[in-house]
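Chain IDs A, B, C, D and E follow the sequence of writing; residue 1 opens each chain.
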């Protein structure tokens, strides 16, 4: 009998549906708008909005990747990810601003992070009491204390260091809060995640600041940029290049790392059945730790770029919430658990939030879509899930009995 | 003891405790201060909300994260219907209010006037109107519950959680938009909701009692079992005849109804309805209560709510300014306790080595800090004060993480309080005799003295029969009372890793 | 004991702390009432209405003579209801929404009201800046910002101008949608009725998007978070706020000067010294004065004394409650301007332009 | 018994699920190249023994050695690294991975591409059905197909010791015979086999030695032929009523 | 009229034809076994009958009523209950609850009466308990002593299988589909299960459709045997006939199995 191949797993993306229904609907709505409301905007305006959408979408995508990776592997909606993003942004701020931590806080952070470093080493060296691990932890502690309490670095270094630190923090969070709950009821895990996010928010208030914080590293990338197109002016900044490019680089690097190493396969296996994955010789804890490391690093990068893009950081208790939730919605829209899905979802959301409101702006008596901006993420989320219960490129949910 | 006598005893005990609670509440009402009064009322209101959330989250196993949305609906409807006339006038006179004359005229009072029930529009009968408003709020919330519940036909697990979360947020975010602001007065909401009810211990506790009654009765009814079946395995539940769609939607609607009621009391408690009274962290607090207490256990939920309310209300000493020695002392003690806890944990889990180096190091650091705080009082390093804003929430979060780490199923797990348990009539653990019988039954032929006691534990009648066909236990065993929750289902141990975790 | 209910954490923490410092410095200056030491019972409402209500309940239990704060109208209105019911006096330090003091006779304030502030700003925009079209940014979920924006728009329109009001909610960082909406409206002036937490993000984005019009703000912008957080975008920003020594006249100016000097001694490196500090100090002063006038700590007597207070020489000007609904009769509002970077190379400076009295 | 060097040595092992003791002072040895069969009634702790050997359930008392090394402190993954492989109870196929990927997971720890490919071919030759379905999702395979897949997956790691929990469960009669032939071949290649089996007749006929477990205690042990002849055994397990 | 009649049933997964033109009948009170090599489509057949999958074409009728397009719970209402090859119990609930839940769909009393514990509800509940105990009693005392209140996750594999069978019986269905009921049991226990299945038919009055690989069990209790291979029916008839069928021997039992099988029948 000939070999039989069955259509496996992932279903095709319904581009037909997306374009077939979405675009005409948009066009119709836009025509309706033009007929009913006098239009005073030029093409440059839309190009500007497009650029903004791309920037915002890239940021969402960066954060969404962290959600997706963690969800893909331990089926946890990591509510704390938004706060990891916040921490990443603030750490980079403290690194480049020359306003270092007070010694007690530097000690606290160093202790936490050094323990994380030791723990990561332990995952490869086997035991917390292994000399390498202890030495690594001590060195990290000393170096971090020094770095955090006295150092000032330029923005590139700040970005990289912050990615590193935040990555370690992600591992620590996993070790302390999530690992004891492997195999526990899902709701416990979810609630722990929310608790971690609360913890980070409020510790952030104590450790970082309680205020809106300016975020202006010394770089030319934030310089304003204006150019004339099609009889109008596009107002933007050089970030329009930096953010999408950096995102693309990071996303590509991540995707390569996950697919080219055995890690990707190990991640999927652990996601499906951690116990059996162990029976295959996969060190599941190591895999999960790596996931948190990578996801948190991307979040830190996202936090840094977010700060650059908006010029200031909200106070810690709120900074992570909304971007976090929206990025999370983006991850789900794209299909949680799938890396390309997160990127698609992020871009889609950025586009929707920004370009939609620009397509139907407030004019005269027409109230515009601006007031619904924040609900878009959730409305889209619900619509997508109802149409495709696992997101645009999500996994196949069916189960054989 | 016979069935009916046990039941009678339980009812009597329950009534007795109820009476004691009532007396205590009366004492508080008379002599406790406003703060204690408020705390109790808050406990009851949040208790109602958490209990109703537990019906969906704990019993049915559908993660719902949109409870604040239902509360919002209940709260706003209640306040729209009950806000006194002078407030309405003030709103009408505000130039930039979106409320229309029609929406402003929506009130229970006007409705009563319209149907000729003028007797019920006096100030003395405010409670009737409030009750009506509360119920209407509950019902509107229930309708929204149905609307949200219907997608649950298509979605499972986390996706459903996400959608409920989305709904919760949408409800809140869109309440202030031009679409709904004629009903909600935009982001500003209503002020001047009568607070005679939300702050009254009697009202809140009566409704809490009612909620508790309904919820526990549901849990221990056939319907509740079906819901628990859904929680365990949807496919199997459906294959066993449970109508998934109907059960889930019904659970959602009941839960939303009580959430709406809680919302109505909540706005009354705050004497205003505003959008920022219904933020996500309200749901978070309930989730904390649920998981601290034990997912699925109503007893546990109430314990959890008590913890949360206590920390919220009496936590402000935590956020005062203290000298650094105090802080260091506290931190040192905490680390010490953590080290001791770690040691205890390893011991009970039979982990080796019991005295892990990390525990030792942690203990030393803690001890060091503590000693430094005690003996270094006068050193310049400890000169200064520190005020920890947000400590309350940090404490709550840390508490939660610790409880979850050590007892992921919560304090009570799924078990409920029951008199049988309180009076130590536990039946969940097999006795040695039962074990021996079981071993004997599973392998009569290989039965050896070492495995069971040398004496044959089984009655002769049973040994004589062909074991599989014998049903002696039917006569010997007592039939469990459906009313009587059994304590300890899976309470005392959990598998290290549940090997039957099928793709739930 | 006097209760202090302030936004010490959360969004308005800087303003809250400035106010608290004002209160504490005032207590340093005058720590006795009726020969007894005045104690402060400080409660942080975390900038949430529930927190504010909680604090109110706590003060009712503690049986304080009166409550100072909260600063913002939202929290003030939330706390005012239970306090009014319990018959506890409350002096909101800087709530400017007219509705606050209308809640009851026990509720007072130290600030002017928004109808005045909005009007003044609108007149300034229309007359001095000769603007005809104004974009108003309003924080939809805040009583203060919501009201203020309304009063500004009303007055501005009655002066013949045109306005468009754009809403945002608290903690917004991405204003691109609002800015896009504003793009079609060819404005001469931008009025911002919100707080610094959002303003610090909004202003740079406005500048980046090519909006170079004059921006006006209100006393909520009188907060170092604004110029620190928003940087150069705040250069030239004009705001209305509590008048300090510069704009007060005569005695009042001298008192304010003295207070500022004393303040510098107590808090040499405070982040802010501004109108809120003065308002905090004066609420304390007025409260103590009322107790002294009443001659007893009996709430009714103190209330009576407060209601009849006339011409108290406060550090922010003379304070008269007699014959008002709880809003002091004559307050001085000042126009300030930020320069970033500041004149002598400092990060930023705030200079006062001129002052206007409520009486005028 | 003999004092040859053991491959796996369990000394007085006791394990618990929470407070409940499941295994009680179990002594068990597996020698290199041997095939050992574990028998016992339902709930007697056979699967638990296997899980203990793998480290999924922690040893609470006693010691365990694998290839001379103390093994009861190692994690599961480390034990696999040292040469164990398992056909778990209930198959435990990765449901959302294709058959090919499932097989690849078996060789997760190996790096020799060529060897892996050879082994893959070998497995496919053993189970042609698997070869037909390389791109099907593991979870949609039928029960028996999954069982073959689990077996193949375990073979892919070239273990020293292969542990099987009821390898014949759910297999068609034709295949039950075949699977034991396969096990025998594998064993002949020098891989030690430890098999839990209900189908005691067949299992004992190919095994070298057997242990009988009852409520967590070893009650009988000895060469397979002896067990087969044991009267108690016949009555209890071999269905010879 | 036959109890269950399947006509020309087709189902394919992608390119794979899992059942092809399958037709057979089950008469009331019969025990019919479905056998066939691994992957022949037996479980798929069960899934089709119980509404987990919808057939591509063909009809399934229970006493003349079409089951095609019904949700699984409607199929249970109609009178067919099943067990799962890969056990799907309510693992955290007690054995008793597991056997009570399938009775819920027959409960006529609305939920609010349950809340108020009206007499009619109490009666219904008591009845449900009686039914549960009756069904558990099929398996002897082992599930009825302390295990009754123990959560299912502490049970061993075979006991879980038993619980599943009791659960299926408790649905009140007329017909049971058992997917490998004796998997994971030793010969002695298999013999016991064989007796139990027989009693389920004789005492419980169930019609039984069974998938099994253990030939002695099949031989002992089946009235009729249907043999599938690659989704097609290759033989049908009494056990004796079927096991001697050339095609069956080749596809399923193996050449040598002839003697073994007949030997085992006498067991």
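One rule holds for everything that comes next: contacts are C-beta pairs under 8 Å (C-beta built on N, C-alpha and C of every residue); 3 or more make two chains touch, one makes a residue touch a chain.
In this text the structure is predicted, and so the values were computed from the model without any measurement.
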item	value
Neighbouring chains shared between chain A and chain C, ordered by label	B
Contact-richer chain pair (by C-beta pairs counted) among B-E and B-C	B-E
Mean-CA-position distance for chain C and chain B (Å)	41
Rounded Å distance, chain D centre to chain E centre (Cα mean)	29
Rounded Å distance, chain A centre to chain D centre (Cα mean)	43
Distance from chain D to chain C - Cα centre to Cα centre, in angstrom	76
Interface hub residues of chain B, defined as touching at least two other chains	176, 235, 239, 389-390, 442, 495-499, 503
Chain D residues counted as touching two or more neighbouring chains	17, 20, 41-44, 56, 89, 95, 136, 140, 236
Shared interface positions of chain A, touching two or more other chains	1, 4-6, 205, 210, 275, 317, 371, 374, 399, 401
Chain A-touching residues of chain D, taken from the complex the two chains share	54, 56, 75-78, 80-81, 86, 88, 92, 94-98, 101, 104-106, 108-109, 131-137, 139-140, 153, 157
Interface residues, chain E side, partner chain B - complex	50, 52, 71-73, 76-77, 81-82, 84, 86-94, 96-97, 100-107, 111, 114-117, 121-122, 124-126, 128-130, 133, 137, 139-142, 144-154, 167-168, 171, 192, 195-196
Complex contact set, residues of chain A against chain C	40-41, 45, 48-49, 52, 56, 205, 210-214, 216, 224, 226, 233, 235-237, 310-312, 314-315, 317-318, 321-322, 353-354, 357-358, 361-363, 368-371, 373-374
Chain D-touching residues of chain A, taken from the complex the two chains share	1, 3-6, 8-9, 126, 262, 265-266, 268-269, 272-273, 275-284, 395-396, 399-400
Residues of chain D that touch chain E when the two form their complex	17, 20, 39, 41-44, 47, 89-90, 129, 136, 140-145, 147-148, 166, 169-177, 198-201, 236-239, 241
